[in-house]
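Heads up, there are several structures right after this.
The two complexes that follow have chain A in common; it is paired with chain B in the first and with chain C in the second.
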Partner chain A sequence: MNLQTMIVSWRSMITVAEMTLRQTVMDSFIIFTVLLQPLIIALLALWMLRDKGSEYAMFIVVGSGLTGLWSSLLFVSGNSINTERWSGTLETLVGVPTRLETIVFGKNLANVTQSTISMIASYLLAGVIFKYNLHIDQPLLFSASLFLALITFISFGLVIAPIFVMNPSVQHWQNAMEFPVFILCGFLFPIALLPDWTTPISYLLSPYWAARALHGTSTGGASFEEVAFYWAMMILFSLIYIFISARLFRLMLVKARRDATLDVE
Partner chain B sequence: MQRLAVNLRLFGQGALLSYIALFHWLRPATYLASKIFMPLAQISFFTYLGTFATGSDDSSFFVIGNAMQIAAVSGIYGVTMSIGGDRWNGTLPYLFGTPANRLVVFVGRASIHIVDGMVGVVIGFIWGVLLLGLNMSQTDLPALALTILITTYSTSGLGLMMGSLSLVTRNVMFINNTVYFALLIFSGANIPLATLPAWMQTISKLLPLTRGLDAARILIAGGQLADVSTLLVGEFIIGCIYVFFGYRLFRWFEIQAKRRGTLETV
Partner chain C sequence: MNAIEVSHLRRIYKVTIGVVRRSIKEVIAVDDISFEVESGELFGLVGPNGAGKTTTVKMLATLLLPDAGSASILGYDVVKEADRVRRHIGFIFGGERGLYWRLSGIDNLRYFSSLYHVEPDISKIRIPYLLELVGLGSRGDEKVEGYSRGMKQRLHVARTLLHDPDVLFLDEPTIGLDPVGAREFREVIRNLQSENKTILLTTHYMFEADSLCQRVGVINHGRIIALDTPDALKRYARDLTVIEVEMFGVAPEVIDHVRGKPFVDSVAVEDRDQKQVLLVNSLQGAEIVPALMEALDGVRIGRVQVREPTLEDAYVRLVGGDR
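Now for the complex of A and B:
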């Protein structure tokens, strides 16, 4: 890929992200997923943990924000190719010179960026309604962790979108996949509460490392070395996800063109 | 007599067909995912969160609360989609063109979901006993079954009202999702109602599930049917009120849609 192609791809991705944001900003399902549901979860958690003191408030703000990120990734980014199929634009997108991966990356970028609203809303809930004195302990490290978390979530989205397209039977499990990740990734409580056999599964999920980094930097519970390790794990998993997704996209397009089933579910 | 037979057939056929259409029985994976594993995941999440919050070894408060909340999955989502599906699938004009008894059609859509909701709650309790340490050795099981039946009925009443709303709004899933998650707070599934502010407790009392959930906790702690009879009567009455208002709304929508020609307007 030469420089000019990279610039064109980058511009396409940004344009796709902008158009996706414009299209979805008032979508009621997305408003629920990135705003209302995380707020309700934050409200529940703040209420349930109110006896634990204010040090847990920031943990809940970050954790409920992560639930919004995952729900958005699962339901919105996961369907980023299917929505084109449902609206009859998938054939056109496959036919344009821009790679489909670039387009889906742009869509996921918009969705995941949009879901950071959930963290902001939870912050306001805890600060304004519950009157907690909130602060991020390591703001620079937190910002870097958030950036890497967004990248790793987007990369994860690139894997699940073609899987949902090629395997409708997997998509039937979409609803059942939401809470297990909340649990296994320790968004709102430590995974030490879970049975030991689940720990290796948590380690294989990049949202787990994102949660460790964000919780660690927001509450000051992690040293720089630990945070650097979490970053390394997020980068590693992002690269693995991008590698896998490239092959999945190729397989999906070959299958679709060979079988002429782009529009068929 | 003939009219009764026709209505009974209409009730049975409507209930069965809407249920088959909704869950795609030819694809059991959908059912397995939404009725077996989703409840387990949701109950586990709130139970772990609750035990982490309280630092208590006793998770029964959260297991019972969230298992009973499963009634609302069928009660709200299932019933709403059964009613609203006619609009989205373009069959509403035909339905309104038939001489079929509207109340039979309306309640028939909910009936199978009451049975399905009960199965969902039972599955929730089984998960609770098997995986989360719920002790049901002191439970009056027939009384608990009655509690589950009445609670599922009352949440289906709320679902019927939401289903009627789905005939006049395109944002019904937004409303459904919000109501379902709001029940997690207001029903007392995860927070003891006594700790809520007075205005929230007032809302709780107006909602289905609240009293049923209370009754289930008392029964699992060793209470008898007589101890919860007032709660169950209250839960049943709440369900009837929601069915009544849901049906009125359904009829109102039919009259308005016919008058204005907006049957399929979204």
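Now for the complex of A and C:
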């Protein structure tokens, strides 16, 4: 890929993200998924742990934000190709010179960016309603962790979107995939509370490493070496996901063009 | 040089039948078709519903894979070099889908402009120009969900011209448009042709193909059954005389009665407002009129007209008559 192609792809991706945000900003399903549901989770958790202090509150703020990120990834990014198909725009998108992966990356970028709102909303909830004095222990490391977390979530979305298109039976399990990941990735409580046999599953999910990095840098306790290891795992998984997704997209497009499923009549 | 070359193209759809005992049935949508379109030519493809027009266009637009045969656009193979083909083509499929309804017309064009890799400086000039060209200059900042069907179709035209493609595929672009909108749309197509674009147009409307296209292919059951200039195609019906009879409230049995007469080659009925028009094709010329009137005895009849066959008459004869 030469520099010119990279610039053009980057420009396309940013425009896709901008237009996706313009379309979804008032979408009630997205408002519920990225804002209301994480807020409800945060409200309940803050209420249950109201005597535990601000460190727990920060953990909940970050954790509920991660639930919003995952829900958005699973339902919005996961369905990003199918949504285009049902609205009749997929054929138009496949027929342009921009690669479909670039377009879906841009859509996922919009979704995860929108999802960070849930973290901000939870922060405000804990500060204003519960009067916690919240602060992030390592702001720079936290910001870098958040950036990498968004990238790894976007990459994960690139894998699940074509899988959902090619395997409708997998998509039927979409709802059942939401809460197990909240738990397995330690969004709201440490995975040390789970049985040992679940730990390898957590290690294979990049949101787990995102949660470790964000929790570790927001409430302290993580050394730079530990944080760097979490970043390395996020980068590694992102690269693996992008590698897998490139093949999945190719397979999906060949299958869709062969089976005439780019459009629903 | 030919802009479009199609050689022995074939496409089969697999259709699943049944719920409990499921079986797969194969439907041949396009069956060994070959044709070429010269650079700058406006080529028409006409045929009944399900004849294979849209499937052909979708294969040429790289949206469907052929099962056999080959096709190239400007020398690029539509299967092996799909990415290259996409840079040089634009396509419109009839209907309102394919746009983002929650975005404005301008934002839709900005979006696709970016996906077609149009430089921002160029798109800033091109988007207002195209909106003016399709008559949406004053409505571009409104959301597409508020557009009429005709406006959406015109926005599709603007979308497909963003990257100034050399080859255009227009699949039934005037379907569902009101007469004024359809006429304006045909004017847009003429303007595009004057810019030396190569256009493949599919349509149900024979007068549209007749007035716009330099050559027309008639496709039926997936096969091209005739391909020539509109005037040459009319020769398929030149031995016919067409008698149009305006009638009011005619019963189906009367039509069947007329159809059974030995001097009748084929019969079609068109509804026009409160009346029907019986179109009788005959090899025996105007002299059958008295016998025809006798066959219509008892029916309230308006104007009777004898005319030369049109492309539509030739088409009706080619695709199987009494449709």
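By definition in this document, the second predicted complex is superposed on the first by the 263 of 265 C-alpha atoms of A that agree within 3 Å, B and C clash if a C-alpha of one lies under 4 Å from a C-alpha of the other, contacts with A are read in each partner's own complex, and residues count from 1 in each chain.
By definition in this document, a residue touches a chain if its C-beta (ideal position, glycine included) is under 8 Å from a C-beta of that chain, and two chains touch if they have at least 3 such contacts.
Bear in mind that the values here come from a model prediction, so they are computed numbers and not experimental data.
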Problem set entry | chain A as common anchor, with chain B and chain C clashing or fitting | fit
Exercise. In the overlay of the two complexes, what angle sits at the CA centre of chain A between those of chain B and chain C, given in steps of 10 degrees?
Worked result: 90
Exercise. In the superposed arrangement, does A:K131 touch chain B (first), chain C (second), both or neither?
Worked result: neither
For this session: Could you say whether A:L194 touches chain B, chain C, both of them, or neither, answering first, second, both or neither?
Result: first
For this session: Could you look at A:Q23 and tell me whether it touches chain B, chain C, both or neither (first, second, both, neither)?
Result: second
For this session: Name the contact category of A:R11: first (chain B only), second (chain C only), both, or neither.
Result: second
For this session: Considering only the touch criterion stated at the top, classify A:R250 as touching first (chain B), second (chain C), both, or neither.
Result: neither
Problem set entry | First, second, both or neither for A:L36, with chain B first and chain C second | first
Seminar exercise, completed: Across the superposed arrangement, the tightest C-alpha approach of chain B to chain C, in Å, is 9
Exercise. Which parts of chain A are touched by chain B and by chain C alike?
Worked result: none
Problem set entry | List of chain A residues in touch with chain B within their complex | 28-29, 31-32, 36-37, 40-41, 43-45, 47-49, 51-52, 169, 172-176, 178-180, 182-183, 188-190, 193-194
Exercise. Touching chain C in the complex: which residues of chain A?
Worked result: 8, 11-12, 15-16, 19, 22-23, 87-89, 91-98, 103, 254, 257-260, 262-263
Exercise. Where on chain C does chain A make contact in their complex?
Worked result: 13-14, 58, 61-65, 83, 86-87, 89, 91, 93, 95, 97-103, 107, 110-112, 114-117, 120, 159
For this session: Going by the contact rule at the top, pick out the chain B residues touching chain A in the complex.
Result: 27, 29-30, 33-34, 37-38, 41-42, 44-46, 48-54, 171, 173-174, 177-178, 181-182, 184-185, 190-191, 195
